[in-house]
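The following blocks contain the structures, represented as structure tokens.
Both complexes below contain subunit A, partnered by subunit B and then by subunit C.
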Partner chain A sequence: MTGWGVLKSLWVTFKHLVVTYIEDLRYGKRRYFTPEGVEARRSSDVRGIFTVQYPEEKLPVPEAFRYLPFLVYEEGPNGEKQMRCTSCGICAKVCPPQCIWIVRRNDPQTGRPIPAPAAFYIDVDICMNCGFCAEFCPFDAIKMDHDYEIASYNRLSEHIYDLEKLAKPVSYYASIRPTDYALEEAARAQKGDAKKAGSTAG
Partner chain B sequence: MSEKEITEMTTPGYEIPPELRHQVTITTLERIYNWGRANSLWPMMFGLACCAIEMIATAASRYDLARFGMEVMRPSPRQSDVLIVSGTVTKKMVPQIVRLYNQMAEPRYVIAMGACASGGGPFKEGYNVVSGIDKFIPVDVYIPGCPPTPQALLNGLIALQKKIERQSLRDLPWYQKGAAEPIPIPVLGPDLMDPRKYALIREVTRRQATQAQEGEVSNE
Partner chain C sequence: MSEAVPKIAQIPDLVNLFPNKVQLDTRPGYQGYIVGREHLLDVVRQLRDEYGYDYLSSVTGVDYLPEGKMEVVYHLYKTLGGPALVLKVQTPREEPRVPSLVPLFRGAEFQEREAWDLLGIRFEGHPDLRRILMWEGFAGFPLRKDWREPYFEEEAKPFKSRWPEGFVFRAEDRNPFGDNVQYPPGFDPETWTSPDDEAVYRALKRIGEDDDFHTDTLVVNLGPQHPSTHGVFRMVVSLSEETILDLKPIMGYLHRNHEKIGERNTFLQNMPFTDRLDYLCSMSNNFGYALAVEKLMGIKPPERAEYIRVMMAELTRFLNHIFAIGFLLNDLGAYFTPALYAIEERELILDVFEAVSGSRMMCNYFRFGGVARDVSADILAKVRRLVYDRLPRKVDEMDEFLTHNEIVRERCEGVGVLTAEQAIANSASGPVLRASGVPYDVRRAEPYSIYDRLEFDVAVRYHGDIYDRYLIRLDEMRQSLRILQQVLRDIPDGPIMTGKPQYQVRVPPGEAYGRVEGPKGELGFYVVSNGKPNPWRYHVRAPSFINLTSLADMAIGHKVADVVAILGSIDIVLGEVDR
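And then the complex of A and B:
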């Protein structure tokens, strides 16, 4: 029969509409704009509407989610930023599209290089969010961010991220990737213990 | 609309007497017009590469563009307001994109979605890729990411709406007198050529030719 398929598909839409109201009556206000509501609506056996009302409620990103890279710094006792980056340049070498530019810092008195970056640029218009830099960094200094709300009106002034824009504290890293952070801290503690044991034995 | 948005829209600098508050509201024509424009942006159904998959996901019911008044993706440039350049822009595709942009009715907006459309992305040095669509058509909002997630695209679309709401009708190009000049369509030969740069190209070739001639003369 002509139009039977159209009717069948409209019936599916109509069922969705009705079920949405039934679910709204059953669960009430906690279905919308609450974390558990979002969690319930994103599951595969959701009934009724499953739209995430984006600016008001956000779908939580998985821990391994990666967007743009950022540089981790430790907060010193007086609030100064101690960059973990040593400007070794491994990230710049492994970066497939070559979007990282690092300038090594020199000691102003002796003129010899010191392990810290004087400048660090990432062109986010080239970066392909592969995460190789974070994977290869031997000092856990560069990590992949979760922040995706970075639309801008001018790419020439805003899309070259410098040291100022890239630097984020360790506490932020620990908050977005708790599992990775815990593993890294455990490994570092173990390494420190081994070193201590080695120095006492030697 | 939220309370904040209403106060933003209804405060054009006139004092409403206290006894008339919540009964009378004052706004400017510009604000109400911009509000209408910003909330009826229809994107073009136009995808280029992997970013297009995310754009499709944004239009589907999980994220649902229609909540922002973007209703449906229009399959014709005549009916659409926003051109979402979603993906790698190859040199072969640029003439078509510029043509589509010229065919769009004004007011028209362009969103460069993802690294490739904004600045060439990982293919920036490629022989066949344009490093940024803004070399050819004016771009309003850039969304970094490779590819931007649906929520990042929605964030960019909201940024575009905010931009439109702040615009002044007096200095927008499409409310001026006279017809708009279409953007000359790039020519794809051995390499891509922008017709706006003919004078420069001619100058460079002429200089090179004279240099070659002088070289021949000195060799003799």
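And then the complex of A and C:
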């Protein structure tokens, strides 16, 4: 019968509409502007509305999420920053759009390179967030961040990150990527043990 | 001897068949045959008519600057299945000229124009040899090895200026734009008008002069800024009343010379750039490129990685198809309700991608010899919930929602018909080809990864209209779910990478063509290595681009409003069309 198909389509949209209200009633106040509500609206059995009211509500990002790199430093006993970066240059070499610039530090006496960057820049407007730098850094010194709200009015003064702006403490890294951090620490401990075992044996 | 290889997989011995016309390509790492320039048409015609090589998949050029040669590379297939027959034609670099294959395969039309545009190879006998991706006032041929882009810094990455003395600068400052830009002689931007537009308008079919009513032909530009084009894309149509007499697609507005960037990059650096081709399906793009380079390197990923790859590729197909259907309905005028239903499912799949790869759309997930991260048990559980519960329900809902809707049927049935013969001749691929009654699917025709172990049907429909292109996407979504269920059942534990992750892979000299059945069609990557860290040639056979060859065939004779739906049913992404 002509028109039956259209009616059926309308029935589908009508169901969607009604379900929205049913879900709203079922959840009550918890439906919007609560972490629980946001989680419910992105779960695989979401019904009704699934949109999120950004920026009041934000979807939590998974651990693997990557947005712009940062440099990890260890906090020294007196609060000084010890950069993990040795300025080996691998991240600058692997970076696809070549947005990392590193100046290697040289010993003023001998002129030989010492393992710490004198300067480190990332042009974050060129960065394509590929994550290669973090993936291939042999010292776990550069990692991908979770903070994606970086819009600003001035590209040159705000969006060319220097050492100052890039440096973040290990504790921050451990807080955004706990699993990766635990794995790395375990691997490091194992390596240390192996070295110790090797040196005693040798 | 011939028992081992099934007949369909045997490549005829062209040297014996065409003595003096064809030579074996004996360069190490190369395959196929080198055909004499003057014999090309004969040889290809005979291969098509007598040996079943009826599908010209890819045509591209390579600039062998050190040898002073240009080479055009053809990949021919049988629509019955089997491996590629690779043909090459060489021509001196000073005056590169090759006979056009358009008289035999219309599918060569855009690809030859592209090779002319970017490499300056002249295809003799081509009916419409104009630039296609670059603008008409452009001087030079950007893919030639001695051509340098405006912000040129060095021939190959990594650039020396970044480390160890990388004082910060902006590329724009170091290489001011003007320094390296070439203009055609006598070019004045104030007075210049495109000679091509005139040519296009003039070449369109018009109403006959002897028309008694002296009706005028109306030429209309749809686009480049038009919501129906899904991006920046232009269709020039000539109309008789509302009926389309002729149509010419014009593209390139989003061109960024992906392939030149790719040849400056190292092999690995190209991976995230492939994400940006068809930006809805970055996982499939990764897949194709990884296959091509792995072929060259002679490595294979471990089992678990193969399963993960197929899982990601099929999730991608699902999200692409549901998205395509949603937006087809937008094109039909059902604004955003169906599209949002589709986007909802897509979001859930993107959540999975984000959790495994770190990014929703620019996944950059595949590595040579594996994948970047393992898939955790939590994520597998989430995929399981989607695949077994939610997504099948949603396909059924879409089906119920749209398939029998009279408006959809009225607008789609019998509109935009492409016959099987046209589809093959036009090198159409993917759902467009299969909706025209050609059951050709790379996953079956030349299985890669673990597809030979998986059970699924190649969806095929026979009317070749918009409606069948819609239905075939529903079919394929169901088949993808079937594949996903098998993958989830069988996925083994184990490593996800062959060898150690490396940032500078060693790729032996040679050439390889890796192709996958992407959601939009056959996605191929042709890669030539000369043993250096950067590919010598990197070419993308973009399905959206080549499928547009059929647009005019589908649209002529229909109403102008139908073009919008026809274009929607081809399912293009301009990031891939324009590259």
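The definition used in the following text is that the second predicted complex is superposed on the first by the 179 of 202 C-alpha atoms of A that agree within 3 Å, B and C clash if a C-alpha of one lies under 4 Å from a C-alpha of the other, contacts with A are read in each partner's own complex, and residues count from 1 in each chain.
As a convention for this text, a contact is a pair of C-beta atoms (placed from the backbone, for glycine too) under 8 Å apart; a residue touches a chain by one contact, two chains touch by 3 or more.
If you're wondering where the values come from, they're calculated on a predicted model, not measured in any experiment.
Undergrad: Looking at the overlay, what does A:Ala119 touch: subunit B (first), subunit C (second), both, or neither?
TA: After superposition on chain A, A:Ala119 lies in contact with subunit C alone.
Undergrad: Look at A:Ile150 in the shared chain and tell me whether it touches subunit B only, subunit C only, both, or neither; answer first, second, both or neither.
TA: The answer is first: A:Ile150 touches subunit B but not subunit C.
Undergrad: Is A:Phe139 touching anything from subunit B or subunit C once the two structures are fitted on A? First, second, both or neither.
TA: After superposing on A, A:Phe139 lies clear of both subunit B and subunit C.
Undergrad: Taking the superposition on A as described, I'd like to know which of subunit B and subunit C A:Pro96 touches: first, second, both or neither.
TA: both
Undergrad: As a test of reading the superposition: which chain, subunit B or subunit C, is in touch with more residues of subunit A?
TA: After superposing on chain A, more of subunit A is contacted by C.
Undergrad: Regarding the shared-chain residue A:His159, is it in contact with subunit B (first), subunit C (second), both, or neither?
TA: After superposing on A, A:His159 lies in contact with subunit B but is clear of subunit C.
Undergrad: Between subunit B and subunit C, whom does A:Lys58 touch in the aligned arrangement: first, second, both, or neither?
TA: After superposing on A, A:Lys58 lies in contact with subunit B but is clear of subunit C.
Undergrad: Report for A:Phe50: first if it touches subunit B alone, second if subunit C alone, otherwise both or neither.
TA: In the superposition, A:Phe50 contacts both subunit B and subunit C.
Undergrad: State whether A:Ser87 touches subunit B only (first), subunit C only (second), both chains, or neither.
TA: second
Undergrad: Now for A:Asn129: first (subunit B), second (subunit C), both, or neither, which partner does it touch?
TA: It touches subunit B and subunit C both.
Undergrad: Same subunit A residues contacting subunit B and subunit C, which ones?
TA: 50, 61, 96, 123, 128-129
Undergrad: Quick one: in the complex, what on subunit A touches subunit C?
TA: 2-6, 8-9, 12-13, 16, 42, 44-46, 50, 61-66, 87, 89-90, 92-96, 98, 100-104, 113, 119, 121, 123, 128-132, 135-136, 144, 156, 160, 162
Undergrad: Quick check on the complex: what are the subunit B residues that touch subunit A?
TA: 61-64, 67, 112, 115, 118-124, 132, 134, 139-146, 148-149, 151-152, 154-156, 158-159, 163
Undergrad: Under the touch definition given earlier, write down the residues of subunit A that touch subunit B in their complex.
TA: 50-55, 58-59, 61, 67-68, 96-97, 123-129, 148-155, 158-159
Undergrad: Give every residue of subunit C touching subunit A within the complex, in rising order.
TA: 157-159, 161-170, 265-266, 268-273, 337, 341, 344, 347-348, 351, 354-359, 362, 364, 372-373, 382, 385-386, 389-390, 397, 400-409, 501, 503-504
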